[in-house]
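By written order: A, B, C and D. Residues from 1 in each chain.
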């Protein structure tokens, strides 16, 4: 059993702000968004959580190990250093997809993402320390087999991107619909999925599905741990083993 | 006629670096990648260019107005402040897709993205000042009609993301295959496309295609200018007009 | 009794790096240094420590509450995201000055700051959790009385800076020589001193000394706590009281 | 003759903001200030200017080559990405000190640094391009002779800092009072002075003065150029020559 704690980070009334009083320079918005994401990666990462940029104005974090005070501290630091604020909503559940459904629903009940009066909401309850276990988080780290030789060094940069993007899209939907997992592109040819407890066969099926529908060859390393970092680092090491052994599914030794 | 100048920014031998001597913390990699992107946005943006994060280890920039010295300055600043280096390859052409094909091909001829000996290559020739015109760049800024009401406030955060991502994927492929355009997700529900000179009908067809294949309703503002910023700001203003008038294609007054 | 834990952060072989193979652009060095300081502020601050930029290549932190693992994490994150590395040395003692003497001495024994072979040293032992108390850190937050009216709005910007700098220099030396305290300029007209347990009279004497030698009028708020943040926030609130009541020494309620 | 263009960057009403509605976390303020300084270093540096952090809420820049539009762009980017705004005032003159007096006076006439209604003022006129020459800026880059062997590896970190700080304070005042120059500590054991046209004898006197009053041994490299970067890079190369030849004053070849 996994017990994933997910936090939805939603910028408050961000869309209207980007065009008030007139549209703001795109490069400043891009800088603001990517630096905010970088800051959250460090703030949440220093406590062994992961954040994914998703839409940038709605980011999804795996926060097992972060209590309410740590969440409030993140929220305060954004307010102190950026021209915008963020609402945070914590959800928990046996699958990541369920946890996020809970987190999103609670935030929607407090008002719209474009509600000028809904600011810095902090919702939900982290998993109590006493209930945390070393198996709470399962992370699968996928990459494309020989992406450099197949795409980067062969196709033009946009065509390479299109192929990897298509593989990502196929994987994202399959993992969500079939396995209640949340998958995120994290740069290069890498995709990280936050999963409930899945079998090797589940991963093999997912890889076959992406091969069939998007013609992209993936492999995966899988890790489990008490936090996103612990599980994710296990997954990275397992992926290194898969690369060396030319296998498509490997699991970290800790499981 | 457009005359787009595109620069491919490719990190040198980045994949191997991320796992040497053993896999590096994911949050540090995410921070490194997103801050590098933010820095490029400012460095290129201060000279009115645009950068898109694409795969983060391969970024695509529209650099009309940036000469070789400005490119070399960007390259030097990365080397001075990051643990990695970048190669830059400039391409030009009447369509953005062609320009990028040229830029990518030239870089591939210098060696692989994972070639330890290929570092800080700087290739290609910018458009001479004397040949630049006020119509060189066409930018189309798309967003999703009522994304907040339709998705963000209604679906869970991952489902919202999935829908917007599907719309983006459909648009990206159509614009590339039918119109030699490069389209990029830039956060929220926004997509920016760098295009050759397209007609209103071309944009209407693209929007209809995304509606049909991904069931996502888009609208677009279109701008032209001597630089990405000039064209992009025109597109943003046109998009505001489209929102106000509830139309699906608007162009900036300058055209 | 205070029990201050101080960490010396020394960049490894930084001076030679700044001129290898030839002098690097000053603005890139300034950016590197100030961003590294900002990152340390967040990384150490998220665990309630303080960092002072000091010479930028040698920074001094108050790290009560940060264990060896947290220190190692900071060191790793620098290595993963910057072109340089840092050595950390932890010292403890009943006065901040003593703690720093210990931290510096231990690091010097490992090799020179410009020793190419001394990299990423991590030295010293944090205060065990069982020995930490709510009174371990005393922070005094000084500012200049009516700095805006006296200096900023009256003198040219360099003359204002010179006056405030002179006040800071006088305070820094007095607090160090008379009270084994470490004082740091933190911007504006603000100076933060890390002190052993000092009396109101000690602070009044220090303020009189700065008035006499540098003709700068200071006031101070003093706080104590288990961490730099707790003590420092108490000091800030006390300073607000001093501003409102027009007094020169105030202490936070917790003492 | 030099013709220095100086820009005063003053954060608007910053002091009150730092304590509204209650004192903000010190580490967040430190992060905000140092990142803003880093951003200005890049934004102004990309056009070959220099910025010095000075008091952080009042920064001083050498901006030869930056026109009003470039200044306005910097101001806009701060507003778009930070919770605070900045006023900019440009001054010019045959000495840096005079230029700053003019810039400060003009800004003070618009209102107090703590005036809630004075926001984003942009004042002054840059030097017209036609009047710019290759000798407009003179930069002197000082460092401490064998700072590592004398201080860093021998004294505790605060004592090293105190000595270097005392040398800086003595130099700063002498260069200002005797030579209308503006000197800034830039980290490590480095001081950069922006000067009118000074002779070798002037620099020898300044170094003797610091030796006599603060017992700190300095050497200096001097450069001239059309911009701060050009002059400053010349100064850095000259300083390298002084290190190699064990001399105390060297000038770049261009003079």
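The rule is simple: a residue touches a chain if its C-beta (ideal position, glycine included) is under 8 Å from a C-beta of that chain, and two chains touch if they have at least 3 such contacts.
All values reported here derive from a predicted model rather than from experimental measurement.
Compared on C-beta pairs in contact, A-D and A-B come out with A-B as the pair having more.
Centroids of chain A and chain C (each the mean of its C-alpha atoms) stand 36 Å apart. Note: centroid distance chain A to chain D, computed from Cα atoms, is 43 Å.
Per-chain Cα centroids separate chain A from chain B by 22 Å. Touching of two or more other chains is recorded for residues 25, 28-29, 31, 35, 42, 77 of chain D.
Taken together, the touching pairs cover every possible pairing of the chains. Those residues of chain C lying in contact with chain A across their complex are 39, 42-43, 46-47, 73, 77. Across the interface of their complex, chain B is touched by residues 8, 10, 14-15, 18-19, 22-23, 25-31, 33-35, 37-38, 41-42, 44-45, 50-51, 53-58, 60, 97, 100-101, 103-105, 108, 112-114, 148-149, 152-158, 160-162, 164-166, 169, 172-173, 176, 182, 186-189, 192, 229, 232-233, 236-237, 239-240 of chain A.
On chain A, the positions that touch chain D within their shared complex are 24-25, 28-29, 31-32, 35, 76-77, 79-83.
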